[in-house]
């Protein structure tokens, strides 16, 4: 317990320290606030402009989450297919790798042309950008499942889908949660990207407007808000992860008296 | 063997089919080549402009690879720290997640202002963008290492670093290779991104020029080239992966006579 | 631990086909016809099993003994259809690869409990997967199933550990839960790979009793791999001895002692003689 | 399999301290002072080991027997410093947690070979990690080490499997390589957790011989967990019996038979009497 | 009728005509349901319209010319020429001592590739006898232009005055005092620039809608020449993130420096002089080495404009 508290204290102070360092370095190195504003300035801006920012935050958060939810669903489904079928592996991987190597900025305009500007392309972008890491990790998790564990169910006459549900997927959970952390950050990037290209709402829009007018500290307020949202979602996944994959990260829990 | 050949044939034809479908859909739906050129047009453009494109390909490939190499090194190092220390886990994860949720487009200008335009910011962007997935997967791989395997080395009086080298890292290899696939695609995206923001070389620059001259099929030629480079690197990693993590994806190899 | 050998085989608190019909029973006859297994190819090829022919009637209790690495586990995997023979034929109930349709209970040599499930959930797994239990499982009879699992766990002395995870158990405890998982769904065909190896003599003898009661009660076909000749003699109706790798069956003898047997039997002269004979046979096979 | 018990303990083809100095030897004395282990907290807490006091002199060969789940493996883990006692003290060579400095050879109950290494590489691991071998390993004496590993593997009948991966071995073969890994670096303290459990009687007896030769030759301190009373009697210089969980040592007797012993000894009347006595003691402990 | 309308760039004071028309319901009065989105550059407006995502927009006439040459019959058509003077200029610091185009030789100029200023530089160079091979180019994102110019990373920037002027102010510089502006307009490139254009499809299928658009925009334009408060109100209503004072200044800049060509007296705002357009077309065709020379009628269609009397420019700043 006290160990736990110490960890928390240390980590909080280190994170606070990070921002302090940023502040101090900016002052010492005399960094122009047009290049990199100090955290304190950003905070002030964020506070002052919060009423204006709020609807944009909601917009970005909701498009991101919707896109992310779709992305995770598709990613898991594709991951299962890729992880279990050799042909799917050989087909899907090159296509997915190829597609992922393309900057999504180039894809968003196409979405805009097909679906108009605004929320739809943002959701789509948030979705497509987060699929790949999930596919890779689910597929790897399934492919590295110990055959011995699958054998247990095979002898019971389990069908392929039963083996998948009872062995493959639970076994792949640590991989899955690892990929979620990457995927959610990508989803935010995707949604914001699409907003910068074509939308009149969202943090991406705010940042674009702000940066075209050189309101640098507003740009950074947007960035910090994005980071915060990412961290909050990460925290939620972490909780889930601890509950679900505790078996994989177990240690000895000896009671010392 | 013949099974292997069939897989290869099927997958190749499916991939070819994908491009055919694209071609046919473009014709049927009468998609303007300003929106989405047909693969055949792209191919022709690529062929015609290849001498011009070649130095740009080399530029993007080399900046990406350099950035990627740095990124992997840093990612593995950070991943090891995060995966083995509770405090590092609690500090580094929120910061990394926050940073990763930020679109890199917003960061590149800062790099440019600090390091000038051209190759350096491209390498840096390719680097920072690919660190996170590697950190996550290495850390997860280490955290999920079976304590029994570590115990083997502990009883031998192995130091923490020996345990890391002989148990943790080999155990984390499947995770590592999974993250490499994601990381290399992100590196390409990062390098190209930086090239579009400030550079006079590279595929990103070509795409920028092409799109401002309304040469859409040249833009897509650039995209396809990026995808191709991604796929080739993926293939190389796949080979390595098969050699190194074969133990994790083993199956029964019974000789049927 | 409150383990007495008088506890009857686990009573089934829910309606399931208690007695398997004869037609199904006949299906659990086993036949290996010159079945051999070779792992790998080229230089690294390992012959795990020489062409082996072996027949088992339904309801037989066969013990398989033989030196380490001779292919005993391989035979079990062949019968359970986990692997296919490189050559030859494996028939279960007269058909190839028919094992799929059969209710099989398999205790692996290395207890492979699923690490994300508690012992209770692990032992419950066959009830979730195997018909006809599967159906009732879906109909949310989980409460009844849980009672059944707990009863069985209690019988093997793991009553307090139902909610523990596999890595919280000792080696012997794991092996016992492994056995429970093989028995819980009252299989027609039991494949047991050294199920008592990691247990002390007393626990082992108690489980022998449970095993024997269960066999006499339900008469499944049982294939037991063991290194303990007394175990083989106590439980089996027939003992097969295998030669060293690549293995073949070199001796195939019925155990004539009447069943049920009790622990005292193993100190009887006939029993000692029988095990001595087996011992010698194995010794000969080794030196050849 | 070409296994004869006359083969001497593996000869060391390279210069290493063949005889450990007495000062180091004294370090391998073991003492548990009211050491207890409780896993978990609150309702799910499991007492794995009651406060246990146990002393072992350097060079002693102690066999630990007791019912499944009584805490035998836990004691080995305490001694090897893998876990700390919840209460009490564990001293090795008179110091707490001193095991780190000692050359320990441990054979885990569940053979935990690293799956990405071949058997040869797995067995070689201690030579890569433990001083003074580590130094020579870096100096690229790997060739000599490889010979050494091969010699040992051959001795236990695994000569052909050096380049196989763990999952390509049978249960008994894995256990043998597990033993090799514990022996290869000539440890001062040997902790063996049922190292012969998955082996047939003959292979087992051969390994007993090898074990005994090694013990008489180098006189390491050995702590052997076993369920086989004959094994305990044949090998050990002292036998401790533990009660059921949470375990305590309930009997602690020296084995007076002269060493070396041969397989015939286990059929001698004194030996049979001794094992019978032990049996009864355990039986009593169980029912209490 | 639904009209999707794209601006030339992010919300700026100079977009006021459209935003006022939207805010005050002038489009609705014409029976038009207009949605306005931000743009990606005044050239991208053309692509967006040609791709079919937008029906109308605020963009650069020179980009129309270029596209009309390459794809006759597909390019959008200008129906209201808002800016009759070009905002294209090269900005260099006063300290550099540069006063004329020829001085640019041997220097490094930076700018976004999409900006007409960048893309028209070869024409500018030829007209002013600059050896273009000696001028290095640095491709930069728009938001890097001014910072890099200020830091001296580039010697000069290809600017869009109406943006750059105010970006420099935001960067705490005085654009008039600290910088020299080589306006293309002053060196032989008397081009038209941004205006409202519509897609070919809209033009042919729904000319009434186009007429409505033009009427509404004209009305709004005339209104803001007199009353910039209305404009600022509309801008903030559209995008509450902008700095109202800055955008007011930007609007005034547009009114006084981009919309006040002397010819306006006869053409009125929104119209143009065909001869001047023809000259522009020749310049562009020559500058880009285009294969065809589009007719002026293919570029501009003034038939929807209300009578000149209703479009007389008389700017009054308040």
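Each chain gets a letter, A, B, C, D and E, in the order it is written, and its residues are counted from 1.
Note that a residue touches a chain if its C-beta (ideal position, glycine included) is under 8 Å from a C-beta of that chain, and two chains touch if they have at least 3 such contacts.
Computed from a prediction, not measured in an experiment: that's the story for all the values here.
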item	value
Set of chains whose contacts include both subunit E and subunit B	A
Centroid-based (C-alpha) most distant chain relative to subunit D	E
Mean-CA-position distance for subunit E and subunit D (Å)	86
Where subunit A and subunit C are represented by their mean Cα positions, the distance between them in whole Å	48
Set of subunit D residues in contact with two or more other chains	39-40, 110
Residues of subunit E touching at least two other chains	51-52, 143, 147
Residues of subunit B engaged with two or more neighbouring chains	35, 113, 147, 196, 245, 248, 250, 252
Touching residues on subunit A, where the partner in the complex is subunit E	34-35, 49, 52, 109, 112-113, 116-118, 197-200, 205-206, 208-215, 218
Of all residues in subunit C, those that touch subunit A in their complex	77, 80-82, 99-104, 106, 108, 110, 112, 114-117, 125-126, 128-130, 165, 167, 181, 185, 191
Residue ranges of subunit E touching subunit B (in the complex, touch as defined)	43, 46-47, 50-52, 66-67, 70, 112-114, 118-119, 137-141, 143-144, 147-148, 151, 153
Of subunit A, residues touching subunit C in the complex	146, 148-149, 151-158, 162, 166-167, 170-171, 173, 245, 247-248, 250
Touching residues (chain side subunit C, partner subunit D) in the complex	1, 39-40, 44, 46, 65-69, 72-73, 109-110, 157, 163-164, 168-173, 176, 193-194, 197-204, 227, 229, 244-245, 279, 282-283, 286
